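Structures are listed in the sections that come next.
In the two complexes that follow, chain A is the common piece, with chain B as its partner first and chain C second.
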Partner chain A sequence: MKNCRPSKVMTAHEAVSRYVHDGDSVITGNYTEGLPFSLLFEIIRQRKKGLTYYSQSGSADVEFMVAGDCVDKLCTAFLHKWGGRTAGGMVERYQRAGKLQVEDYSNFTYNARLAAGANGYSFMPVLPSIMDSDVFKIRDYMGENKFGVVRCPFTGREIPVVPAANPDVCLLHVQRADKHGNAQHWGGLGSTVHACLASKTIIVSCEELVDFDVIKSSPHHTIVPGFRVSAVIEEPYGCHPSELPGYRNPDMTMLRFIDNSFSSDEGLRSMFDEWVYGLPDRASYIKHYIDVFGVESLNRYRARSYYSAPADYGVAFESGWDTYGQALLLGVDMAGLEQLIAEKGDLVDVN
Partner chain B sequence: MRDLNAPANPLETLAYIIAQQIEDHSVVYIGTGIPMVAGILAKKTHAPNITLVYESGGQDPIEGDMPWSVGCPMTWRKSPTIMEMSYSFAQCYNGYVDIGFLGFAQVDMYGNVNTHMIGKDYHQPKVRLTGSGGNNDLSSLTEKMVLVGLQTPDKFPEKVDFVTSVGWLAGDDSRREAGLIGNGPAAVISPWGVYDFHPVSKRMRVKSLTPGVTFEIAQQLTGFELLRPEGDIPDTKLITPECLKIIRTQVDPRGVFTIMPAA
Partner chain C sequence: MLTKQVTKEELLIVTAARQIKNGDVVALGIGMPILAGAVAKKTHAPEAVLLMESGIVDFEPCVLPVNVADATCTRGYGYAVDLFGVFTTIAYAGYLDKAFLGVGQIDKYGNLNTSFLGTPPAAQRITAAGGAPEFYAYAKETILTMKGKGFVEKLPYMTSPGYLGGGDEREKSGRYTPGSGPSILITPKGIFKFHPETREMYLDALFPGVGVDEVRADIPWDLKIADPLGSFPVPQDEEIVFLRRLSPVSSFSNTTGKELAMAHIRKQMEEKAAGR
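Presenting the complex of A and B:
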């Protein structure tokens, strides 16, 4: 049969307009490295509204999505403190203004929600110390459903549980993928795999689109099977200014620029006008970066290569004959087999 | 290049004291910041055989640059394994991790920790902090838990604004009665003192103080009544010139975590 799996390659603009809808729950699959900024910028540019945004170790991704007025609800375990001690980040400003609801989990309990989702369970047990903390007691938009308590049928102990999370859309940036969506990512994965596999729709952007031959020779790097992926975008620098193993370190020049933009509300807005709304796509973003900061700045953070040793996936093709000349399944040698054929000729299919 | 002759600052002092808590051959869960400096310092000095565990999955990286966070590539650069987060935490759950360090913005008299927010109402934070990250998780996972941070009366209040991680809860037997596993916080370390908890009441008690700091000074830096140990209060062992040099030249030469922020 002819191989007729379609290509899922498209642009970030097409992927976001096709698969991200107002009111969806959206998760950044990447944990702290390789944050999918190109896709996030596209969501902000298309002014998506009313999203529930999941980000485990939130950084500029959360601040941007909130400042872009895309997010009503935020589920997180950690938020990097942007904007210094005086200005503060957009999350706390929006929270104070009553424009953002935040549900706080711990790393383990946040991850457990995704692990439950990825496994198809409706809930997952977590560790008891959460029960006496305010993480457990203080509820925001999830209310009663933030945590539950069950009794273990084997020990009789009370165990806190978290509900499964199955976000509508997962945004993922990886080193390489093929046109079918097989996505390969290596490095500090954190909760990336659970985030992807728990989600209903997965959009993958990658530094390089590679042939299927590359994927099939290194299956240990594939974290999402192609059939789960809806869109693939070849997007060099798709995670800039965050880091990606094999490609680059965090771009401190850009991160410092972003941090300085928090000093006033207006600052982040003019930063958006220049870098998000004012540019159509990632290629023009990088071109603009070079115009502003110079190509030397971009290259300063480029990774020095350190290659993994290739893994030998070879197998011996199995023979049906053992070293004594016996057919393993029939327990006879060649003469015995010939005799069987002679006796039961019509019944033995040697085609 | 850092000034090698300057006297040790509070962050360097803190890193050294924490490093002294780490025994060789132990498995150590490392959080972002000063615990990283301490872990790498211990590994380069008295404890070369420890295993450093980071939550993003990196484990035992070779000596490299100072990571800027627990998700940074330096936490797994040339390391023999990179795990996913759930397995990294599961190692603690199963009892394989000997000691973990938790940072705090506030700690109270029973070792309960806050890293979430400052203010009276969670929904209306005066200041929004980072949130739990792995803080709550490690508080119930590691065999020995050490709390690390700076010390002022605001940072050592009688009651924290938000309980991110449970220490000894309300003291006495309350932690055990609540059914918590783990051994509870063993110590609190600030640049000015090392504190433990009274074995019965579980209230914070002075264990040793940085030379020059008296009990009275420590009390003034604390928002609740500290317990005084029996007998004389020993001095905390101060950072040696050799270790200070190692921090400044090998562990954190760019001063990511051990240069004091400008006031």
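Presenting the complex of A and C:
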């Protein structure tokens, strides 16, 4: 029999070279936490070009992708002001220089585009107040297609709508996954599930690779099913310096260090050369962190456990027979069942 | 009782915290709102339901988070919902009592700009819309905080509509939760409120050491002043002690806080390099 549940485990390098192509639209699945930095650094190192990048939270992820000259168009709902109030980060510098087109949505309307995409609708209604906002009126590369307005057939009221978004590739970092790609995540949900399910290809990196037994005993944590996933990378610290419940807090030492490097172009370039281009993979990144800041700094942000109460998925019966060997609904043993079949069954001659 | 010395930043946070009533369902953003929510919940509003737009609902901040889905907020919380559900099933459905929003620029009718200081794409960026437009539209009441001097006659970009052109324009449009809108704006200089009929912003109270002229200097329209002026809340030890325990760096201005933190990191790197 053909193996229909093959292992999808590979390295970040393999996953990015196989599934991310120049000109693709790429989305960061995680919403502000657990950002998939290992995969993003790999995209930058492989010098992918002409991407349309979706980043709702607009944190260091988008700054790195833009500074790496990977992105032509950005769809976002928020941009952290790296580098201070006036300087701004790379997104702002590129946008003002005309090297980057940025389409601004609100968090809700950005999410609504993905909700439409994930559910297979071509558009999604959004909340009416947005029509008074310049988010609705001022448009960049989406132009006429940024928002539309329809009339409700039942109330007659005007309803603003957004078009579906279906990115080519979603990058997702989670706590754990199995080799087939069943990905489990807990913590702030944001728009993560919609981002994943709207996308055509999903690449998952995880802190730990686990057996399917772990997955099936906690299915409410599975946010993406294996059959939707193309690649799985076991990548401890794959989201560093961003945080992940149960693993670590945001690494404020590294985040402050990154923020400080945005104060000048030179600072940013040298940080980039040192931390992105200068290190081939995540293991060497973490080793470098330890060399620079010390293992004590890494460990300071490590989470102390706080376990979820186990949810009991137990059931009374595990087959059509109860624990006393009696057939459910019939109240007989196997010999009794065969006797009933002989007496009452609609028997056929198959010989 | 107050025996501690209090900084300007701490007074602002406590003023914001006092806006929360026990039992309120409150949406918080990063920065001052989180600090205000945490102080309120630890002191006078222990049954408030604090939430963030990432869908972390009924949480209790124990460390200052850096983003709205921060793992530091997910150690024990009551309800995990997604962002879409926060805006539809909680805010739009009418269950959100208060929202806190940070302001880049504001006009006299409480319309907000958090996007661009001019016309995009060439203009300098503030941040962007985030959750502001929909929280502002559908929370029953919004508390605004502004660190800078962003009062303007006309916004170059209206991210989040407030009372629009004033009067009953917001109510009449039918696009907002009835009775919603900003109730108060807190800045480092004082407390502002909105006239119940005209919806025009007026000065309600001054913070210590600030005169009316200093407030007027930042405001391009003829600002109306409450007569008599109201008062600011005097922080209590309980609030100050808890706040410092939650976020020691938040007693300082952003710039000073960043400088102190960076100095600490440099020292750490030097010690590591020296092999200590």
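Please note the rule applied: the second predicted complex is superposed on the first by the 313 of 351 C-alpha atoms of A that agree within 3 Å, B and C clash if a C-alpha of one lies under 4 Å from a C-alpha of the other, contacts with A are read in each partner's own complex, and residues count from 1 in each chain.
Criterion: contacts are C-beta pairs under 8 Å (C-beta built on N, C-alpha and C of every residue); 3 or more make two chains touch, one makes a residue touch a chain.
Given the structure is predicted, the values throughout are model-derived calculations rather than measurements.
K.L.:
Putting chain B and chain C onto chain A via the overlay, clash or fit?
P.N.:
Superposition check on chain A flags a clash between chain B and chain C.
K.L.:
Quick check for you: in the superposed arrangement, does A:L197 touch first (chain B), second (chain C), both or neither?
P.N.:
neither
K.L.:
Once chain A of both complexes is superposed, is A:E33 in touch with chain B (first), chain C (second), both, or neither?
P.N.:
both
K.L.:
Pick one for A:F257: touches chain B only (first), chain C only (second), both, or neither.
P.N.:
In the superposition, A:F257 touches chain C alone.
K.L.:
Between chain B and chain C, pick out the one touching the greater number of residues of chain A.
P.N.:
Partner touching more chain A residues in the overlay: C.
K.L.:
Of the two partner chains, chain B (first) and chain C (second), which one does A:R248 touch, if any: first, second, both, or neither?
P.N.:
A:R248 sits against chain C, while chain B stays out of touch.
K.L.:
Pick one for A:V292: touches chain B only (first), chain C only (second), both, or neither.
P.N.:
Second partner only.
K.L.:
Return the residues of chain A at which the contacts from chain B and from chain C coincide.
P.N.:
Touching chain B and chain C on chain A: residues 31-33, 57, 76-81, 88, 91-92, 95-96, 104-108, 111-112, 115, 127-135, 138, 140, 186-194, 243, 245, 249-250, 306.
K.L.:
So in the complex, the part of chain B that touches chain A is made up of which residues?
P.N.:
Interface residues on the chain B side: 54-58, 68-69, 71-73, 75-78, 82, 84-86, 89, 93, 116, 122-125, 127-137, 139-141, 162-166, 169, 178-182.
K.L.:
What does chain A use to touch chain B in their complex?
P.N.:
31-33, 57, 76-81, 88-89, 91-92, 95-96, 104-109, 111-112, 115, 127-135, 137-138, 140, 157-158, 186-194, 243, 245, 249-250, 306
K.L.:
Which residues of chain C touch chain A once you look at their complex with the stated criterion?
P.N.:
52-56, 63, 66-76, 80-84, 87-88, 92, 115, 119-134, 136-138, 157-161, 164, 173-176, 258, 261-262, 265, 268-269, 271-272
K.L.:
Applying the document's contact rule, which stretches of chain A touch chain C when the two form their complex?
P.N.:
Chain A residues touching chain C: 31-33, 57-59, 76-81, 86, 88, 91-92, 95-96, 98, 101-102, 104-108, 111-112, 115, 127-135, 138, 140, 186-194, 243-250, 252-253, 255-257, 259-260, 291-294, 297, 303, 306.
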